[in-house]
Every structure is written in structure tokens, then in C-alpha cells.
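Below is the structure I would like to discuss, written out as C-alpha cells.
In this document, chain identifiers A, B, C and D correspond to the written order of the chains, with residue numbering beginning at 1 in each.
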């Protein structure tokens, strides 16, 4: 921690953790390449009691301080007109959902094309390949067969003995390692690493707040080389992995997003619900599980709302 | 097959296969109750080589004969204006998806409230509990923790030695049993049963067609008692499980939907992509796998688009 | 003002100003019946200098304190992919708009089916005729040929010599009459009456605020009999005509909406932009003009976003 | 008609009818500049009997051969849950509308930024100014105060003594002049010219058809210099003004759109409903009227759905 978090430092980190070309010049999967069939099989072998836990929040259909763009849930036919289809005997109800899933409230996955640094997306493709008609590179379709592998939860509030981290607090890599030690788990190659900050507990206690104004707990930029070294495949959290406000490095407002998505090719899971998962881990005294993330198959999409399921 | 497919017969089938009250008067989970943690764990134990296969079609964003209500995929910020958020250094692209997912093209799950018979939904709740503001009973939220269990694929085209079944063809229970025998698998309590009819292959060869006009291959109503007896938890297919046009029974236009969703409490997976899954099964000489279905958490929803992932 | 604003008083007002049956038992047009062709022609004769002024705000696509449900404006094809249609030589850009137009930010018209009192909408139809699949009675389609007639603006801030009325302030009928006297105009049969409260000026000065929390200036319920007596056809304002919070009459949270839409059959124009119109009136020393309101033709709709145009 | 419809001819027409710079280098209003206040006042003076006629079709919410992208009309709260807002005494119903209004079924106005020729939009701005986040030039906001002026209807089926023109038929300028002579009207500077082809009558008789496949009647490209000479302000029709399929000129698939929007700066009104208007004109023996078009105020929009109202 002796080194200051300068822009020069961030640029060195970005360059030194960059996986461009690592899996070929045309690769669009990035660190998903770390999740081999063998690792998936090994993750499935972790399942013991068969309990399934959702890591997603409910679709946020009402506006709140954290959610200026509520999702749309519109009933198309309800029980008041159940024979609207006009087929004798057939009663059917139907609905529509619509969501601008990026932001601070919907549980979602970021595709690698979601963020650009210096006009480039993962593997060096120009961000102009992300057209108004859809992304031609690094879209969510690289995860069309789902992301299934070993999930590891690091529960920082539990480590600290608090209910939640305050908005803006930053977690350093040493703390992640202490959590690993306490929880007797080690995040490694091909893992989906989830880091809990207690956001759900704070919201339950204090109501929703504006992450852009008030902030969110998250990872210190010093975690970036650590994530790279560990070769994790996907990173997720109950916030947005980045701490907000950030470390104040000019040009690097959300360095974890910038380095993970653009440099390393690490997909991100944002706004997860981790309270139940944390409980499930604590009860069992284990912090690894089979995790299945199944993005919708959106050609050209910059991500997808998801409901990741952990299986113990 | 000695008994004619009359309305009286259908009513007897509906009544005799009805699970109302089976899991309590207030139950909204229906046959999902068959998926116990033990069965989930046993399903995970099926995983060997760790290969993951998606069972979903791409989100259908263009109109076609089978899809009069294309899904919306709208880019909100593309690479041409990547700094639109106005945060120095931050390039971000974003999109919106919207979908009326019921219908004949989107891979989706039907919640139990999606269909009513005689003004009632599963477990006897009045369909008027499905309000214009959302379903108060039998919504997709009962599957909020995902549906994870043993998947079984029965591949009828393979059994028949054809590429696909023609629209309107109906599969009888005896044929399902022949498929089981050939594939050396038996659908049983708590399974997610998927039945392939080769719809993808036919579309690839002949282009999309209108299922309401031209029809879809599916299950004969005689399969309903068989499904009940086997205690399957969830039924899915590359069509909509029902054959279209139906068997012509007055008041029972889609008897599989009507009996599964309303009577038995069996959730349905419609419009899946099963060609790749069928290939994966055939190659391995096995037809069972771990299946993870993760509906979006839509409070009051009548279902969800999904991307079910099979793990071998 | 001697009489207290009790629920009993409101009920008497509702009953005594009710136009149910006035234009026949099946009428769905309500006070639009006051706008005869002769009145339209007379309104057109008011036009002198040919200057047109919009009375609408921009479609509110960003969230704000007054707008928890931003409208959607999505570019479908932008200039970065202008040949996406694949027709040689053809460059085209396209967009999508979507809006839940009721609320506190979009300039819109309320159809008569938008509000119910005691389970009834205008002319006594049951509100259950407004189905999840669309309104079968009192929909916006009664205004499909537009609302064109004499517009009259009463400018209360000008009368008071202030820039704006404070949220919650209520305008009494005597004040409307003083405004008439000062502006030398008299609102009468078949007119579209617009009442300015200076909301735009206050927003420009202080930023947007939450009308549900902070309030909005509007008409005192005592104006209701006055509106009835004057036989106005349509009422509009820069707020929502009702003062918020209301007068605190139990069961009558928005009495102007309740009496106008349900009882009198008077359509309402909400959230207009009246600053420019007020200026145009003041400059000319006249407060009447031809007004054209052209709702979108939405079968079964409860209203429409509109851009009313005043012509001087 | 001696000159062949070659690409070279079209280029000459485009260049010779181009109004770039005519109203200044920064102008974005184009031929709307022809509609002066004086002309608006003169148009208002045309009003005699005060009858108003809508020129719009109903919002097309169901898919059809002409409409692969149905508009969305979603009830948010219907009469089955009318107290959903939770305010005692307040019953309210609400809905949402969404529409990708360009295309062949929604009555709409094209902003000048909707089409590009050679990478340029009206007045020479680069089409890349139309961003994924909205148009920065030539958006529909130039018509924010509405388009109010003299409307002129030329009724070609009436001239020909037929109910409708067949898809693909092209109207030449001589025929427009014959219609003028017969109808005793002359389209001139600042007019909104509407040309009827009987599309509504054909649809009523034969059902909807696919304009891209089957075609649409419209103006021959030879009309373009005529439109320019007449200095019309806006052009509209019951089709899309262009005949489909076009005249087969390489690079000019929809020359009327290309020359009007890009070159001349003439806004277009597409997919109008003109049957009722034609009847109103025929009955009165006059073909001019006050026309009010009120686009929604969509900042950065490429157009708007509209309901133009004619006043006689």
C-alpha cells in the first residue's frame, strides 16, 4: 500500500493485468476461458445437501433512491378478461417485462462490451463496434451457454463483525485474504468470486439510497492485480464491485469495471442479493458452491438481467 | 387408446390428475414440491464431463411467421456516444430489453397463474387474483430460487428416425415409453421432462411458420395421466408441449397446458432450443443431466424468459 | 366560503354537477359535447397574427423528483449504422418512444375512464369496464378527431403579481373571476380553460420537486360548481388542476379530477407548459386563442401524451 | 417524361432541388420556414363550418402484414384493482404506450434527420450527428410548436374514378395538376400537401398487405422538382409518399423521402388515414382546410406519432 493510487499507477495496473491476445486475437470470452469443463464438473461435485439459493434481487419495478429507471412489469391480460384470446375454454393471463438493466438496482451481468477504456473494449476491439443496432463484439452471447462453475463467497461484514460496510468503504486485497483464511476457502482459477458488503442489510435497516450520491462499498483498486493473479473468471457483488465514490484517480472513475471488463475480460455481476447466500454459507461453514448464471440470449446485448442460483 | 377424446374424458382426466390441496390449501408451488434437496443433490451427482448446454433460443427480436410480437432490444448508449454519462474517462454502452414472452418464439417458463380452467388457477384460487397490477397467487416468484434438478430429454425424432415431427403430430404415452426404453432412461418423480420434436431442425430447413395456423407437434392429451403418474415436476419442449391444432375436444384447446398448469401444478417450459441438447445426449449415450432454470424474479409475474442450462 | 369543505359537501357537489345522462345514457363524450362545430369555427375566427405556441413540456426522459417513471426514448438505428436496413443507398435512423404518461411530468390528457368514484366512471359505467386489455367505455377514442376550440388562459401569478404560486396553494373561484376581469375574458360554454400557476417558473428557479410530497398549486374544490356552471368543455393546467395536498376531505383526495372526469365528463390536461403561452397572451393583451389538442388514437386508452397548440 | 429515370437524373434532381443553406447554414427547420404566421392566419381564415377530421389511423397494436412491429398498449392499472395507488377514495386506471413509429402502419411524422443521403442529413450535417443517444441536428424538436397551416388534399382515386390505386402505381406531376384543376385548388408555398391513394379503401376491401413485398402507390420521382417548385412545406399521404417498389433507380430506393427530407427539408407525414378527409372535401366541394399537426416534443427524436386534425 506504499504506492499512491495515481493515474500512472492505474495505467500500469491496466496494462499489466490486461489479457488482450491471451486467448487469441479474436477471442471475445475473456476470463470465461478459465472455466473449463473439468472445473465445471469439479464444481458440481461440491453439491451435497441440494439446497438452492437465489443471488438476485426482485426486479425493481418501483422508483427509489437507488433506481431512477424502474423496470416495466405490465400485465397484458389479467383475470378480469381472461378469455381475451377468444378461444373457447381458454383462460390465459400474460405480461410484459422491460428493463434497462444496467444501473444500481437490477441484478445483472455486464458483458465485456459494456465498458470502454481509451475507445477500446476487451481484446482491443474499437468501441465503435458497439453499434446503435447492437454490439458486434464482446456481447453477452459469449455466455449464451451459461456461466456454471465454482462460486466462492467472501463475506466482509462477517469478517469485520458488522452488519454492513458503509457506502464508500473500500476493501483491500489483504482483507479479501483474511476473509479467505477465516472462511477457509481460496478463490482461484476459473472461480466466480462474490464479495458481500452487506448492502441488503443496510437497505433493510435504512431504506434505499442513491449510490451515485451517497456511495457504495466496494473493492479498492489495489484488488485488481490480486484478481488477475488469482485468475478468477467472473466477479460479482451486492454493489457494483467498484467502491463509489472511487479512489479519485483521474480518468478511472470505476477502475474495477474498467480493468475487469476491458483489460482482463472478467464479466461482472452487479447488484446481487447476497444476504441469503451469506447465511447459507455461514450455516454450513463452507463458502464454495456450484453457481449457475444464465444470461438471456440477447444477440448484440451488453449484458442481461440474471438470477444466479447457488447450489450447496 | 380405446377411449375417445371427449370433453367428458378430459374432465375426468383433469379431476383425477388434479393436485389441489396435495401440498396444503395455500400451496402455490405445485409439483415443484417434488424437487427435494435430495433430488437436487442426486441430479448434481450426474455431472461428469462438465459440458454446459443452453436450452434457449436467442431472444426473438425480429418479426416472423411464428413471432408477431418481437422482443425489444434497444441500445441506449452505443459506441458512437460512449461518454454520454459525462464522467471523464468512463466509456459505457447500455441497452434495454423488453419482451411479452408468452407466445410461440421466446424460450420461457409459464407460471402456474398463466392459465385458468373454469375461472380457477392452480390449487383452486380464483383467476381474478391475477390482477392488472400483477398476480397475487401462483406467480413465478414460487420459482425465485430457481428450478434445479434432474433433466431428462426424450428425443422423439431420434426414436422415429426422422429429423422432425410434422406440425400437428401428437405423441402418445406409449411413444414416450418407447423413447425411454431406447434411451435407457425413465422420467420419474421430481424430474424436469423435456420432449424434443425437432422443431429447430424443421425451422432451419423450411423457415419459421405460424404455429397457430400451421400447427406444432406436441403431446397427445393421453399423456396427461402418464405425466401425473410419473410425478414429473416440470414439463418442457421445443414447441409448447400441446400439439396444435389440438385434439378438438370442446373447451380444451390446450389440454396439456390446462391440466399441467391448473390441475397438477406443473410449470411448463415453452419454445426451448433442444437440438444441441439432443446432440449432447446422443453423443454421450445418456439422456439425464443436471438442469438449472433461473426465472427472473418478477413479483406478480405470469412467467419469465429463461435460458435453461443443462450440465453433463 | 362559508361552507366547510366536508365530505358531505363534496358529495353534494359531485351529485349536483354530475352530467350523467345529460347527453344520453350511452354518451361517452361528456362535456366535449359542448364543443359544437359553430364554436370551433368561432374559435378559428380568433386567429389574427398566426403565431403558434406549444403548451407541452418536452417528453420527460430523465428521472427527477417529479418524475419517477421516465419516458423511454430509444434510438433503434443511429447514424453509426445508418444502412442497417440493408437497402443500397438508403440511410435511415429510427427511434422508439414509450411512456406511462399519467403522473406528474408528462403533458397529457386524461380520458374520462382514468378516474372512478364509487366504482363508477363517467355516465355511470362500472369501472370494471376498464379491463386489463383496455377500456371499453369512456376511452380517449371519444377525442379521436381532436379537441379544437376556444382556449382561454387564466394567469393567476400575473393577477397576484408573483412569479409562481407555492405548492399547495389553492385558487378559489373568486380569484378565477378576478383574473377574468383583469384579463378581459370570460370562460364559457365549450371552452378549454387553462389555469396557469407558474409551475414552470418555479421549476426553472428551484429545480423539480416531488408533487406528491411537496405539493402543487391548483384549484380549490369550490371551483367545481363554478366550472360546471360555466359549462367548460376541458380543463387544463401546468399542474394537475387539483391542489396537492388536497383540502383534506375524506374520500376526495383529488376532487377536481373526481368531479370533472367522473361527474361532469370534463377531460383534463395535466402538466402543461404554460409560461410561453402566458407570455404570448400578455404581449397581445388577449387571453383567448384557437387551441388544438390531438390525442393519439389509442383504442381503449385512458388518455394520451399531447402537445396542445395555441394559435393567435 | 422524355428523360429516363437514371441515377444521374436523380442526382441532378437532388442537387437542383436542394435547399441546403437557403435559410442559413445552421437552419434545421427546412421548408417549415415557408409556413409564416401570415400563412397560418390565412389558413385559419379558411375555417367555415367548424368540422374537425382526424387524419390518423388508430395506433396499430396488433401485428398484421403491414405491421411487423406492433405498438404496445399496456394497461398498468385496470378496473379490477382501481385502488392500487392506495389513496382512500381514489380509483384510477392507467396505461402505457410504446411505439417504434416509423414503418408502414403508424401515422407519424418523419423528422429531417430520419434519412441520410451520402452520409448527410438536411442542410449538410453529417448523419453521425444522429447518435445512439438522440439526434443532435434536424430532430423533430424543430416542429415543437406544431405544424399549423393550410392543408391541401389531392384525391387521386377520385380523379381516376376508382376506389384505390394499386400497390406500386406511380402518380406523375401531370396527374397532380389534373387533380388540382378538377378540385379547383392549387398547392403552393407553405402548404401541407396530402395526396390520397385510397389505401384505406383497399385495406378495408382486401385486408392489410405487406408494403415491402406487395408495394404501395405513391409519387413518381418526377414529382420531386414539382414539389420543389411549388414550395410546399410538408408532404403527406396514406402511404409513404414514395411508390413501392420504387422506380428502380440504383441508390435511390425511396427518392421522395431522400429528396424531401434530406435535400429540400420537407417533413413527411406517413400512413395517414385520408378516407374521411377525402369524404369531407368531396362533400364540401373544397380541398383546402386548416391543418394542425402536433408532434410530441421528443428531444433528439427522429419523428413522432401524430394525429393531424383538419378543420373545415
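Convention: a residue touches a chain if its C-beta (ideal position, glycine included) is under 8 Å from a C-beta of that chain, and two chains touch if they have at least 3 such contacts.
As the structure is a computational prediction, the values presented were derived from the model and not from experiment.
Homomeric contact subunit A/subunit B: same residue numbering on both sides for over half of the interface positions. Taking each chain's centre as the average of its CA atoms, subunit B and subunit C sit 46 Å apart.
Between the CA-based centres of subunit A and subunit B the separation comes to 27 Å, rounded to the whole angstrom. Centre-to-centre spacing of subunit A and subunit C amounts to 44 Å, using the average Cα coordinate of each chain.
Residue positions 72, 75-76, 78-80, 96, 98, 128, 131-133 of subunit D are each in touch with at least two other chains. Chain-to-chain contact here is organised exhaustively, every possible pair of chains being in touch. Residues 36-45, 47-54, 56-59, 61, 72-73, 75-76, 78-80, 82, 87-102, 107, 113-117, 119, 126-135, 141, 144-146, 148, 250-254, 258, 290, 292-309, 311 of subunit C touch subunit D in their complex.
Every residue of subunit D that touches subunit B in the complex is listed here, in rising order: 62-63, 68-70, 75-81, 84, 98, 128, 131-133. Across the complex, subunit C is touched by residues 72, 74-76, 78-80, 96, 131-132 of subunit B.
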